[in-house]
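Structure record follows, encoded as structure tokens.
Chain IDs A, B, C, D and E follow the sequence of writing; residue 1 opens each chain.
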């Protein structure tokens, strides 16, 4: 499966580079004005110019993202275990979880502010609302998809529920879990940014909104770039962690 | 696994009913004013009062959602096949796909408007941006997770790439595919609504925004309710379809 | 009261990202006017359109919003407990703008054009009224919501006409060398010369802590007066608190607004009952309000510095 | 209908019968596997089940182990059961050591002790040097031996072994058989054995049940009553050949 | 290093050798499975590979089938290969019919014809009535027979059968063996057979390779040169017993 190990990172970089070059060319050749779509070079120079400011704002965004993400993981585990143990709770709770995802966050934003104020808490909560779902779903689906035969094996070995969880369900669900984690990580920074749009005084979202309303599109894109880079780095870190934890699978694939 | 078949639908309904009753009680006992959180009964009466209007707007939202969803599926299949067939394309494209998800849509809304105007097209495109990702990822992951031994089997049977896809990868990925489809369906209506916020003259999003600016929070929540109901119905339909298509799995579970 | 060892926590919620409409608030903060009044002020940038609700629910003591918003808030089924306490600008500095290339010079030219709205319930009524007044046929105008999208992106393609703030988007257009046709709203119909932006306070604060409201407005007035006198310095102060903004836009906008804050009034912030009544009547006549606005309880000038 | 086997502690009864099926019926949909089957296993016995492919042997074990419900009849199992299923069911993410040591771990045995016992037993099934390999790195027969060892590690009172040596060559199989008999003598537990190898059944068993095609019934119950004390002697006995001929007639 | 077996059309050569391994080496990490192994199979032969569990038999087949790369040496395979792996690898979402008919479908055979052939062959492996069952509804031996039939359906020139009858009782196994010999006579293809049953190897083979433990080498190559025309007669021949004793000595 992984024949290109050494060039693994080359292809995506080439893909991104190609996209950037195309973008630059289109903007220059078709003379797209900066208030519609700034060129990559202009974005880069805005990034350099505003570096300190962006760093200042990013720190807050990262903080909310990570705290929310951590909470999401813990919560997802707790809930997944409960849902897996009690079929009734699962059946009652699952639709509520789904509903929680179909509600547009921005529609209930004032409620969040009213309940949790303007501090970092509502941002963290939005991160949790967004990230928690894919993680818990991946865990629950992962545990559901275990071959009945293995469950029987553990039954004959008289394993307790906790043991079945720890020795069978958890490792089995880990593959799914890391998929869910990567999806959650994809949306993690973005959701903190959305949280910042709801109100606040610091964060990439605040920076971005101000730049947008001042028609500084190069700065808007610089902040998008920062969001993308942060997200990609986090996803990549999870990928590496996942490969370590699931080494038996990776070894098998590389065979 | 499915011991409660007959009461399957009772639990979620009980769960939702319980949540609604709690909500009503809290609003009434704590005397929460309507501009913070309207009670379920008030929302229901707003829904009844505005039924015709909501129907009018919903039709447009549903249209954009379904067209976008259909496109997402087709596109996801095409791309998944291409990515599965050409490792290089996969490696180059995958990160771009991930990047496309880390970008907050609202930040690039002006671009969408400039390129696609204010009609239904940009809404459809937003639905595609949101829904396409979980579907394609589920297909690609599904195809990746096929046991090497099965691939070898098909190799010895001299199957063509297309045959391997049709007889092995596709059916194997279908379980994952339906998971992805359900996730996409969760966000499908919501993403159309977000599209409508960015511009438009008809749709649940337009209705909601107007109600919000007129401080008619009961109507805002009535539209949220409609979004939730439509989403749940679609998810449920996919669930049923999935159980039919994957009947060999369901039968096994019920064993 | 004023003074005191411990400063009183005060939260001000903006209506949008920081801009030149807000300069006086930042000047008061920077120059210590709030501190002098014993107020420890925090200025918050919320999601668009949520400031009135947030003030009503006690998330902020004061908020920036506009007259129409307060009118809706006070006539909704559960009226929000807020009262307008000052207008930041005397005249409505918003209006309809189009690119010169669209050839929209009078309201008559609105016919057959596409209007890009921002989601207010009253836009249709307003356009209908001004077009009908001018003898134009409103039905020929297409009304499309462009949400939070900006003028420049929207008018790039199918949108002809957008409602803008002259002191912000109008200035930006000038800086970019994009020529506009601009019709101030106040010139189109007297009823439409409503106050925007304005300051509102929570009714609880007004009732239980009127000294705080007075102290707040004293400091804010000083801030805006300073901005009138020293637009460039005021712009620098705003930029200090919102360095994400474009300096040139802020400075030019500040110069424009310096003349606007108090135009036609001898005191900063003062509001007239007719303005509130006329616009409420206009909305009522067009079936946009659920009930009559009680103008006396909608605003008050009593906390403005005498 | 869920009728679960009755389970008793071995101390509660002084009867010699540890497994007893009476008039048991079991169908999968329309396919009747057992209409009315009865059999028993006494404490300390090795009993083999012989029957053609698809005759319901694995289903029988699943019933005894309490893994699937029956339609009617009585199932009584006295004592704890260790079950080696026909598939190896090794956990792909655990090494050979971890897979084999799993039952001990579940019982809360200390890490040190587990390690010691694994080091002691792995060579006996020919898996020394494979401690840290993952299941996909093993051959089919090696996986079967790991699964066999894992079952023995449970040290239960009754062992159900479903084609335990099916993938082994005759030499390795012979070693395993010998070792099983030794284990049995030491621990004095009860063993029920599914095999398709008649020689193996004769070598190991005290009794043999021959079952028919489905709906399966007991075709013949055979007491293997020669060389009971040293079963290895059966390998060279002429009685073995004779018995084999007899069994072949029933199959 | 990827060294793929050289593949030729059978028409391109008039030599009798269809499979030839010369000085082949293969390691998994530090584990050397083959250091230097050579063997050949002639057209129309049935050749068995005997060796203890874990000696590299399945690895050998994977090499011949071109599924895994070798480290050094030459592999020449003339003709198309049908491979029945040790695991059954039935597709869980296809019925027995669909699983067995898959190779025909892949070759573009018409639906009608596939159905006819399946209806003709299923009874021969004792799976009549199971057409519409899914793999999880079959017993272990039934799955093996379905997998066996699927391999035969490929009608390739060379069949590699890895423990094809390992999970079958002796009666069913005997039927399968007989049927395999008939098929072979009709189609005149080449069969390479892995088994751990020495009797089976003697019954079916023209030649037998006995391989050692890893690093595996050919310990003995045995020509089974009696009753070549009617191999069924070997069942009753005394030479069979003699040969068995001999082979046991090499294992």
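Just so we're on the same page, a residue touches a chain if its C-beta (ideal position, glycine included) is under 8 Å from a C-beta of that chain, and two chains touch if they have at least 3 such contacts.
No experiment lies behind these values; they were computed from the predicted model shown.
K.L.:
What is the minimum number of touch steps required to go from chain C to chain D?
P.N.:
Graph distance in the chain contact network comes out at 2.
K.L.:
By that same contact rule, can you tell me which chains touch chain D and chain E alike?
P.N.:
Chains touching both chain D and chain E: none.
K.L.:
Let me check something: if the centre of a chain is the mean of its CA atoms, which chain is farthest from chain D?
P.N.:
Centroid comparison gives C as the farthest chain from chain D.
K.L.:
Based on CA centres, what chain would you say lies at the far end from chain E?
P.N.:
When every chain centre is compared against chain E, the largest gap points to C.
K.L.:
When contacts are scored as defined above, which chain pair ends up with more C-beta pairs, B-C or A-D?
P.N.:
B-C
K.L.:
Which whole number of Å gives the spacing of the CA centres of chain B and chain E?
P.N.:
Centre separation, chain B to chain E: 49 Å.
K.L.:
If you average the CA atoms of chain C and of chain E, how many Å lie between those two points?
P.N.:
So the centroids are 85 Å from each other.
K.L.:
Centroid from C-alpha atoms only, then distance chain A to chain C, rounded to Å. What do you get?
P.N.:
Averaging C-alpha atoms per chain gives centres 37 Å apart.
K.L.:
Among the residues of chain A, pick out those that touch two or more other chains and give their numbers.
P.N.:
36, 106, 110, 114, 197, 212, 252, 255
K.L.:
Any chance you could list the residues of chain E touching two or more other chains?
P.N.:
Expected reply: 87.
K.L.:
Which positions in chain C touch two or more other chains at once?
P.N.:
Each of 53, 57, 150, 153, 156 in chain C touches at least two other chains.
K.L.:
Which pairs of chains touch each other?
P.N.:
Touch list across chains, by label: A-B, A-C, A-D, B-C, B-E, D-E.
K.L.:
Across the complex, what residues on chain C touch chain B?
P.N.:
49, 52-53, 56-57, 69, 72-73, 76-78, 80, 116, 119-121, 142-150, 153-154, 156-159, 288
K.L.:
For chain C, which residues count as touching chain A in their complex?
P.N.:
Within the complex, chain C contacts chain A at residues 11, 13, 16-19, 42-47, 50, 53-54, 57, 59, 150, 152-153, 156, 172, 176, 242-246, 249-250.
K.L.:
What residues on chain B touch chain E, complex-wise?
P.N.:
On the chain B side, the touching residues are 149-150, 152-153, 155-160, 163, 167-168, 171-172, 174, 246, 248-249, 251-252, 255.
K.L.:
Provide the residue numbers of chain B that touch chain A in the complex, in ascending order.
P.N.:
1, 3-4, 8, 11-12, 14-16, 18-19, 36-37, 87-88, 91-96, 98-99, 101-104, 106-108, 110-111, 114, 134, 137, 141, 144-145, 148, 175, 179, 183, 186-187, 189-190, 193-194, 197, 208, 212, 220, 223-224, 227-228, 231-232, 235, 252-253, 255
K.L.:
Which chain B residues qualify as touching chain C in the complex?
P.N.:
33-36, 106, 109-111, 113-114, 117-118, 196-201, 206, 209-210, 212-216, 218
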